[in-house]
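Accompanying notes for the structure given below.
Per-chain residue numbering starts at 1, and chain names A, B and C are given in the order in which the chains are listed.
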Amino acid sequence: MEKQLVQLTVNGEEHDVVIRPNQTLVEVLRENLELTGTKEGCGEGACGTCTVLLNGKPVRSCLTLAVEAQGKEIVTIEGLVSNGQLHPVQKAFIEHGAIQCGFCTPAMILTAKALLDESPKPTEEEARWAISGVVCRCTGYAKIVEAIMAAAGE
Amino acid sequence: MHGICQDRGSHHGRSRGVTERENSIMAEHTLVGKRVARIDSLGKATGQARYTADLTLPRMLYGKVLRSPHAHARILHIDTSKAEKLRGVRAIVAGKDTAGERWGVFRYTRDQQLLPVDKVRYIGEDVAAVAAEDEETAMEALELIEVEYEVLPAVFDPLEAMQEGAPRIHDHAENNINIHVPIEVGDVERGFRESYYVREDHFVNSEYTYCQAEPYAIVANYDLAGNLEVWMPNASPHTKAKALSNLLRMPLSKVKVRNVYTGGAFGGRSDIFPGEFIAALLSMKAGRPVRLVYTREESFTGVRQAHSMIVDLKTGVTRDGTFLANEIKVVMDGGAYSSTGPIATSVPFLVWEETYRLPNVRFNGYRVYTNKPIRGMYRCHGRAFLGGLGMQLDMIAEELGIDPVEMRLRNALKTGDTQATGSKIISCGLSEAIQQAAEKSGWQEKRGKLPYGKGIGIGANGMMVGFPMGIRGGSSAMIKFNEDGGATLISGVVDNGQGNDSMVVQVAADVLGLRMEDINLVSGDSEITPLDQGAYSQTAAFVSANAVKAAAIDAKEQILDIASDMLDAMVEELDIKEGQVFVKVRPERNVWLGKVIRTALLQDTPIMGRGSYIPRIDQKREWVSNPKGQHAGTFSFGAVVAEVEVDTETGQVRVTQVTGAHDCGFAINPMAVEGQLEGSVASGGVGATLLEEHYWDGGQMLNANMLEYKVPLSVDMPQITPIIVESVDPEGPFGAKEAGLWGSMNMFQAIGNAIYDAIGVWIKDFPITPDKVLKALEENKDS
Amino acid sequence: MRLPKLEHFQPESLDQALELLGEHSEQAKIIAGGTELLVSMKQGLLAPAYLVNLKEIPELSVIAHDDEKGLRIGALTKLAALIESQVIRENFPILAQAANQVAAPPLQQMGTLGGNLCLNTRCFFYNQSRFWRQARPPCYKTGGEVCHVVKGGNRCYAVYQGDMAPALMALEATARIAKKGGDRVIPLGDLYTGKGEKPLALEPDEILVEVQVPQSAMEGGGDYRKLRYRGAMDFPLVGVAAVLANDGSGMCSKAAVALTAVGMAPVLVEEAGKLLQGQRVTDDLVAHAADAAHEAARPVANIGSTHSYRRKMVRVLTKRAIENAWGRE
């Protein structure tokens, strides 16, 4: 199996990375690019902690081959802070106590951001549906939904 | 002179309770009791927070574990020679590389060799492990290890395991009984004789899994000086360090379990696991750091699970519904080793005696070995048990024509009561919690009055705070100051996501009149931080924060002492706010804290706060041999009302509303307390009561993954109204007790009872999945 | 979790893709959304040496509709695109409804129509890691000689759990299958063999490229009911699609009922369709049709819940699907 050189655009930056074709995007992000904010909670697409935005849409990076991500805009949690400023969703999560153990937090925040980018004033039901693919074991989702609605209100 | 503290030289620090003097020293609250953002939220929100699998060390190797495919087998021979030859393999370990020590949480439960030498007792048990240059090589190496087994007959059901002739899993355990806890109080026979009404019921509860978001992982680094540094998600670095020190025969000072973010615990990260032992051995053998990351499947079956329970209850009451006699038998499936067996087997009873007055009670708890993965504590055990008793309470209430809320109030413990096995209650908001939950949920208007298919039910619980853990039951804390007025708090407190780190900083900052961002925290590190019980027995607030508060008060005393000279005032006249020490009646007379720190340094009395706390319990109390006496420092209480909608054609139950009241003593950070309540509505309520269960085929779990093990999702959740009840405990810091265990204890009853209100059937088999509801409806129609 | 070694191709046209498949045949697999294939590969269930990625072939994700030819959907159309498509929502809403019940939004973003139609059959004893499966003798589906679910069983009972198939079968859909050298068009139902161990009637060098729905199929209302314990993510424990057309006078002119998750293939319940056709839709008739669906369902205990409960739910969901479909007319 030959290694290949690929170009990945992550958080607005271009990276030349030498990878194997059997590496998933989550592996390459975490191991090659040391962006450990994206997690691997199950490796099977069932938990959502590997969520990244691919061309603005939340996807499971554990089920995306790194080679496929070429030519696409990849956004990870590390890409949300801009000029030292937190994204409104990040602020809302912090202010509303929506973060406990934090392991699902990057996935939740990215999913929320993608939702609000597309649908700036979602209903609570829409917000719940948008995050229905990410498992949280700590919060019962209550303050996460609250934070999303608060960020939408801004 | 000015200071009251005479003996500066040998300052012992504060401990225990709040004295009058302390009251006068303390300012009104600037932080405690307020909704504050947690100190760890920023790191987690930005991806900067690093969990164990995110850590890398130079020249790190990757570990993988070879696991037993047999539920019960003798290990005849392990041949690692082929694997050793594989390019990239740097170390291999198996039972023969160990000292053969058996581990046990208690001295009398030492039944597990973390890398077995003689036998494997469950599918998935660790048999050997490899460290290699990369994960793929490690996985390939596992394939090359040859293990010869002699397969033995296995047993998977606890009742079967207790029968004569069942395969013997441990030589020392007859009938595979791991632990038997017998408790007897009063005269049970007489109690039943005098009862107006007696009923017997049988309840069953599946086992569960923590399914924390973060899979298990360990990084271990052993250096040539004999230091072992370890990182792993854990609930107590001191407990892990002690265990490793025993198993590796190293002094405690050489075993350094470091602080690292933990992605959820819920009781599943508590005692020692083979993983850390293996990672340490690999690192020692290879002379390089080793990272071992579990797959999700391994996290389900290779760490801990939660017990299944079979519960038989016989309860006798007076005409007005007061308990007269209770006889309780619980059989728990403990899996292959004992873990926290004695605690596990006792808690199901204790949480009951912590809620209601039980004048005459007999309990027999059995923890039984089976050839299944090991069962540990799940948010304190006992939920199904409480679910059973909580539902039986309603059945009795119905028979007697008493409202379930009233029934609970009649039996509820109160401040000053003594529990069945002798624990005194120093603060109790149970009745208040029940009443508030009932009122806020509209109980009176709804109970028995909702249309068919809709129902409302109540559950209540008591919860121990600070139980016997010997020398490990207490916490101490220290605070040091920088010359620019900032401080560093050193505490053994452990944060698994509950907000404990932030809580202690909030407490220290409040006492010291500083902002939270002025105080750094070094926590949960077995080398650096003093002994602390960890996130166990619900003690982060009651014990760890108490110690921190004491340390902060101690520091403040020292500061005011020095400042009193500088400001020419009495200590009682001074206070600290926003980093300024000032005269209360004349705030323009003030001095910057940094200056006080410097002055203290020059005077050779540097400011160092010290404090400690250990719960006032009967240290002679023992889970099995002496289950009597003061069991815990205090108790928290809660009540929850749940509303459900049942689709009577499909049997699907939807929880629509939850109104929950928790007597946490005092909410140091109300937002964090709410977060705990809401979280447990998901895991203890919707999850454990309706969705979560294990499917087994022999010794194999069929659904050890996050698609088929049904953890509630955002769309499965009800509206939640949390209510905080504050009974202001006399011992707890600012009156605080605990806030993490609530829904896990009472939601079973609330939902089970609500289902009865909705469709008139009692379902005593948890989780209450739609097929069971349908079956109950069909049977009800026939009868 | 790691993937086995593989070589990855990203053809830019269907012809290129077919060429590659023709060349590598048994050693190659196509990858669309990857949400099933990559999981299977991580578990060691499949280990194709070559992956032929279809994502960069735009012609495969077209949704086209005209009043004569009806609807054509490319197999690589994302489920999310089906949900959002104006054309689908207006003309064939049951398809958007079914697509919206697959998993959850991020998986709808990755998963494709073709991928969902070509889902491998599933079973607790099959969808497991290599370590897990090594603890027992291999089953029929993995090349062995035993079924772990039906003790003594002589065949594989792995369950087909796709959500889109019953909806499309109820719409009389056909499928175009391409291979180097020519296409063939078959009724969608013929794509399924009914064999648990090899559920799809596709050669290794063939690709499902398109699904067509005749315009006439959607004269009526449709409904897809899915039973799952959680409100998202889960595969169906039972799924029922019903399409009913009203002749204008309150009589059902045409009806179709199809099931999923009740056997080794999706099932078109012809009996139910016959019962309803040309009749007034009364409660009694609906109950009969639901009985027919119940008859056609043969679940076993291999995917969770209990098979007896799931079988009962076929009746309940069929009744509801028919009533809703009729109500939407």
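The rule is simple: a contact is a pair of C-beta atoms (placed from the backbone, for glycine too) under 8 Å apart; a residue touches a chain by one contact, two chains touch by 3 or more.
Note that the coordinates shown come from a computational prediction; the quantities given were computed from them, not determined experimentally.
If every chain is a node and each touching pair gets an edge, what shape is that graph: line, ring, star, complete or other?
complete
With contacts counted as defined, which of the two, B-C or A-B, has more C-beta pairs across the interface?
So, comparing the two chain pairs, more contacts are at A-B.
Mind checking the centre-to-centre distance between subunit A and subunit B? Centres are C-alpha means, answer in whole Å.
Centre-to-centre distance between subunit A and subunit B: 30 Å.
Averaging only over C-alpha atoms, locate the centres of subunit B and subunit C and give their separation in whole Å.
Those two chain centres are 44 Å apart.
Please set out, as single numbers or ranges, the residues of subunit A touching at least two other chains.
Touching at least two other chains: 40, 43-44, 46, 129, 132-134.
Enumerate the residues of subunit C that touch no fewer than two other chains.
1-2, 104, 231-233
What residues in subunit B touch two or more of the other chains?
Residues 295, 707, 713-715 of subunit B each touch two or more of the other chains.
In their complex, what parts of subunit B are in touch with subunit C?
Per the touch definition, subunit B meets subunit C at residues 67, 69-70, 123, 135-136, 139, 295, 297, 649-652, 690-691, 695, 697, 700, 702-704, 707-708, 710, 712-716, 769-771, 774.
Write out the stretch or stretches of subunit A touching subunit B in their complex.
Per the stated touch rule, the residues are 30, 34-44, 46-47, 49, 76-78, 80-81, 86, 90, 93-97, 99-106, 109, 128-129, 131-145.
Give every residue of subunit C touching subunit B within the complex, in rising order.
That would be residues 1-2, 104, 124-125, 129, 131-132, 134-136, 148, 227, 229-235, 304-306, 308-309, 312-313, 316-317 of subunit C.
Please output the residues of subunit C touching subunit A within their complex, sorted ascending.
Counting only subunit C, the residues touching subunit A are 1-8, 10, 31, 33-35, 38-39, 42, 51, 53, 55, 80, 103-107, 109-110, 231-233.
Within their complex, state which residues of subunit A touch subunit C.
1-2, 20-24, 27, 40, 43-46, 48, 51, 57-60, 62-65, 67-68, 111, 129-130, 132-134
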